[in-house]
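Multiple structures follow.
Heads up, the next two complexes both have chain A, just with different partners, chain B and then chain C.
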Partner chain A sequence: MKENIWGRMLNLDRRWIFLFIGVVCIVPFFVPFGLPVIPTRHVISIFDYIEELGPENAIFVSFDFDPGTDPENMPMAVAITRHAFARHIPVFFTANGPLAQGMLESGFAYITNPLSEGYFHVVSWSEWASYREMGITDRSELEAAWEADGHVLPDNAAGWVFEGRDFAKLGYLPYFSLVILGMTSSIAAQYPEDMNGNPLVEMPMLQEHKNLREVDLATTFSGTAACTWWITFGREKIGLPVAFGVTAVSATDYTIFIQSGQIVGQMGGLRGAAEYEVLLQQRGYFDKPDRAFVGMDVQNAAHLLILFFIVLGNIAYFAGGFHKKGVLLKGRR
Partner chain B sequence: MYETIGIWVAAMFTLAIYSFLYKENPLYRLGEHLAVGISTGYFIVLTYTQVLKPRLIDPVFQESQWILLFPAVLGLLYVTRFFPKIAWLSRYPMAFIMGTSMGVGFPLSMKASVLRQLEATILPLYQPGMPWQDLAGNIVLVFGTLAALIYFFFSKPHKGLFFGTGSKIGVWVIMIGFGATFGFTVMGRISLLIGRVQFLLKDWLGVIH
Partner chain C sequence: MKRTVPLMIVLVGGVLMMIQYFIPHRISQSVFDSYTTWIPIIGAFALILGVGSLTRLHGHKVRHRAPNWPYSLAVILSIYLMPVFALLLPVSVGGGMNSPSVFDFAFMHILVPIQSTMFSLLAFYIASAAFRAFRAKSLLATVLLLTAVVVMIGQVPIGELLGSWFPKLGLWIIDFPNNAAKRAIGLGVGFGILATQLKIIFGVERNWLGGVGD
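Up next, the complex of A and B:
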């Protein structure tokens, strides 16, 4: 059967569509449209919740994803961590799998890399040992004493982060759902040491927050159902406030937890991360948004192209009379 | 130096994987197999260094915590799956894990995923002072849930006002749900591509900042 133009459109080689998508995903990096990203209430609620916290509180940032969803989950985890670090809120970092621990390392390296804008300068556990021996563990006293000794914060740094005072990298343990359950009684019982081999019980942040009951928020970033473990074993068992950062694919699956009031808020996909970055900029934490925001122009362009193809496909379908025939060319139905 | 090599290797394998979009080829296969193999290797090494060594080998051999040999032996029984004559022994660790998981997880999972959701659906449609958006949301939530449930009720023919119209509305509600999921799926897949393009243009080629 000879194909007319509508038939040829419906049987377009999919590689042309891949090519168009590829081009559209490159061009906006060089010619940005600058379309606005307006934060939604579910993201604002997480931001506002963290705004209420300070050095006397603590949060968990759980890297519960693997490289497959890195572009979506990583910017969310980075944005929340930067927010917490800027407010001197102690952060416990965990991971629900071996590959997730690699993501934790990668995200932390990005936040503390001097080449990243607004990076946080790490002071390792051993570097401030002498201050601990002098009994200086209070956050503001520690920073004052550290700088009084001649340590100068680099110009492009957003602040100091002291290992054991501002953060502890706990990492991965198997059967992570049961690890969450165990941490409701004792964090140190699950993690006697952190990923760097430092003893957790000696860390000031652990002495002040011995278990999940003494933690103020758990944020989980995931592309799987792993995030619901925090609801099941944290929220429902001890009332731990939980916030989600999920991939766009699974965003609708977990929206039900917002409706039921089981989570503080939810970031969905790259868009959610971009919204959080915009909030960080609007509230004066950082001069400009990070990677997710940059990607949103590309996202918009790609969506427009996909809409165009959907409309074009439907026009071809009806104009070609395929709705009457019930059969597409080449045997497609 | 090592970082540069790493970026080049990552860039080459990114291109190898995307070459599948043109057609299947050996480079794509190589990239796919290496991803699986390296992930497994990484998993094994990390499990040994972070779990087996500090939590089993060191405590047993350095601190004589012999009690840990019981769970270790129970775990090793999994290996008997490879020996047909004694494969039945692997049922013991499985039974232990399944029993423990059920016992620990079932009540909390029921509460988190079923009871709380039911509770969230049982709500007053209108309360004085409620914004109109919330009222509209509540109406959609309650009637949408009912309509979708009617669609899946197969004991009565889908005819008449209640079952007929209800199931038709249910189909629309389900389709709207699928549409939202599809939209999010497109966004997710494009996000993954954006991440790779950012890596190639910024980290590898250095043409964007």
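Up next, the complex of A and C:
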């Protein structure tokens, strides 16, 4: 039996669909639309919470994802870290798996890469040892003393970050849910050393924040249910404020925690990260948004194309009368 | 003996940890601390067991040239070479800060692209599946279809151009109907987990023993 146009449309070779998706994912990188991204309250609440913090506080940034969800989770983690660094809020970096530790390294390298605009210049633990010996550990005094000694911040840098004062890379430990539980009593008991082998107990930021009870926020970036560990073992046990950054497909799973007041807010997918980048720009932290904002153009185009295919499929289905026939066409590839 | 001892360990450990959680006392805390120290140690032995089992399985396939044996060889090489790279070549082969170590190179330029590619394929299959399967065949299917369209478009900036109500409606769907359904499912799953855990702790459910003592 010869197929009509509707039948041929329904039997469209899926390789054409793949080709169209491929094209709309690539083109926006060369021809950006730059459509405005308007922040939602789920993201604004995280931003505003961090705005209230300063050098006397501390947060956790947990890279709880693997390379599969890197395009969505990484920009969120980067945005939060840049915000914290800009406000001199000490950051403990953790990871819930061996691959996640690689993501941590990758994200940190991106934020501190001297070749990029608005990077944070790292002063390693050993580089400022002499200042510690002189008893200079206060954030503002340390930066003043460091610059007084002739250290000049490069033009393209957004600021200094002192290892042990502004950040500590704790990394991954097995059975991470238990590690969170353990950190409610003592961070140093779980992590005697950081990823670079520096003694944690000697770090000023740890001396001021010995366990999760003394930490002001834990942010977790995850493509799995691992983010809920922070609620179960952090929020519910000791009242640790928690914020989520999750992939778009799992975002709807965790909005219940916003409604119940168990999390401060949530960044959902690339959109959530782009919203945070826009907030950072709007509040004057950085001149322009970062990678997530650029990626939103791709999402725009891809979502529109998928919508187009859904409409097309339904038109063909009804116009061809297939809803009456109740049979599927054969020979579909 | 083979059955009773594991059951007793699970019973004592399970009950102790349940009670410990609700007792904010120093002794209770030290019990908990020693437990959390022990678990990774036991896990390390499980890792040895896992690597040994994986090596035996894939080694057998390679030796006997079983179908697709080159994949097994890739598994064995990867599982042993990556720790070797990490332990024996921790610094860059080429030297210099910007030149990554072999381990970093393998991680960033092999593993990361492989995983990212696998996840990215979803976009292609979702588009194809949406075209093939998203039909307004019935009232419920139509509701599902319209909901998906509103949430999908509400998630991207183009939705705001179509109308400010678009993203608001999408967010409302996520915040209310979605949350109601998720909460119901979550409660069901939670009670199921609780029941299963109690059955394991009190020895009613014994499948985890692997048939020992039957």
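Observations
The definition used in the following text is that the second predicted complex is superposed on the first by the 330 of 333 C-alpha atoms of A that agree within 3 Å, B and C clash if a C-alpha of one lies under 4 Å from a C-alpha of the other, contacts with A are read in each partner's own complex, and residues count from 1 in each chain.
As a working rule, contacts are C-beta pairs under 8 Å (C-beta built on N, C-alpha and C of every residue); 3 or more make two chains touch, one makes a residue touch a chain.
The structure displayed is predicted, hence computed values, not measured ones.
When both complexes are overlaid on chain A, the residue A:36 reaches chain C alone and has no touch with chain B.
Of the two partner chains placed by the overlay, chain B and chain C both lie in contact with A:71. Of the two partner chains placed by the overlay, only chain B lies in contact with A:294; chain C stays clear of it. By the document's definition of touching, neither partner reaches A:157: not chain B, not chain C. By the touch criterion defined above, A:27 reaches neither chain B nor chain C.
Of the two partner chains, chain C is the only one touched by A:185; chain B is not.
By the document's definition of touching, both partners, chain B and chain C, reach A:251. Legend: residue contacts after superposition of the two complexes on their common chain; A:145 is shown touching neither chain B nor chain C. With both structures placed on the common chain, the touch criterion links A:261 to chain B but leaves chain C unconnected. Residues 18, 21-22, 25, 68-71, 99, 102, 173-174, 178, 181, 237, 248, 251-252, 256, 259, 268-269, 271, 299, 302-303, 306 of chain A lie at the contact with chain B in one complex and at the contact with chain C in the other. Those residues of chain B whose C-beta lies close enough to touch chain A in the complex are 21-22, 39, 42-43, 46-47, 50-51, 54, 100, 104-105, 108-109, 111-113, 116-117, 119-120, 141, 177, 180-181, 184-198, 201, 208. Residues of chain A that touch chain C in their complex: 12, 14, 17-18, 20-22, 25, 35-38, 40, 66-71, 99, 102, 105-106, 173-175, 178-179, 181-182, 185, 189, 237, 248, 251-253, 255-256, 258-259, 268-269, 271, 296, 299-300, 302-307, 309-310, 312-314, 317-318, 323, 332.
By the touch criterion stated above, chain A contacts chain B in their complex at residues 15, 18, 21-22, 25-26, 29-30, 68-72, 98-99, 101-102, 171-174, 177-178, 181, 192-193, 195, 228, 231-233, 235-237, 247-252, 256, 259-262, 268-271, 291, 294-295, 298-299, 302-303, 306. The touching residues of chain C, when paired with chain A in their complex, are 21, 29, 32-33, 36, 39-40, 43-44, 104, 107-108, 111-116, 118-120, 123-124, 126-128, 130-132, 134-137, 145, 149, 152-153, 155-158, 160-161, 167, 171, 174-175, 178-179, 182-183, 186.
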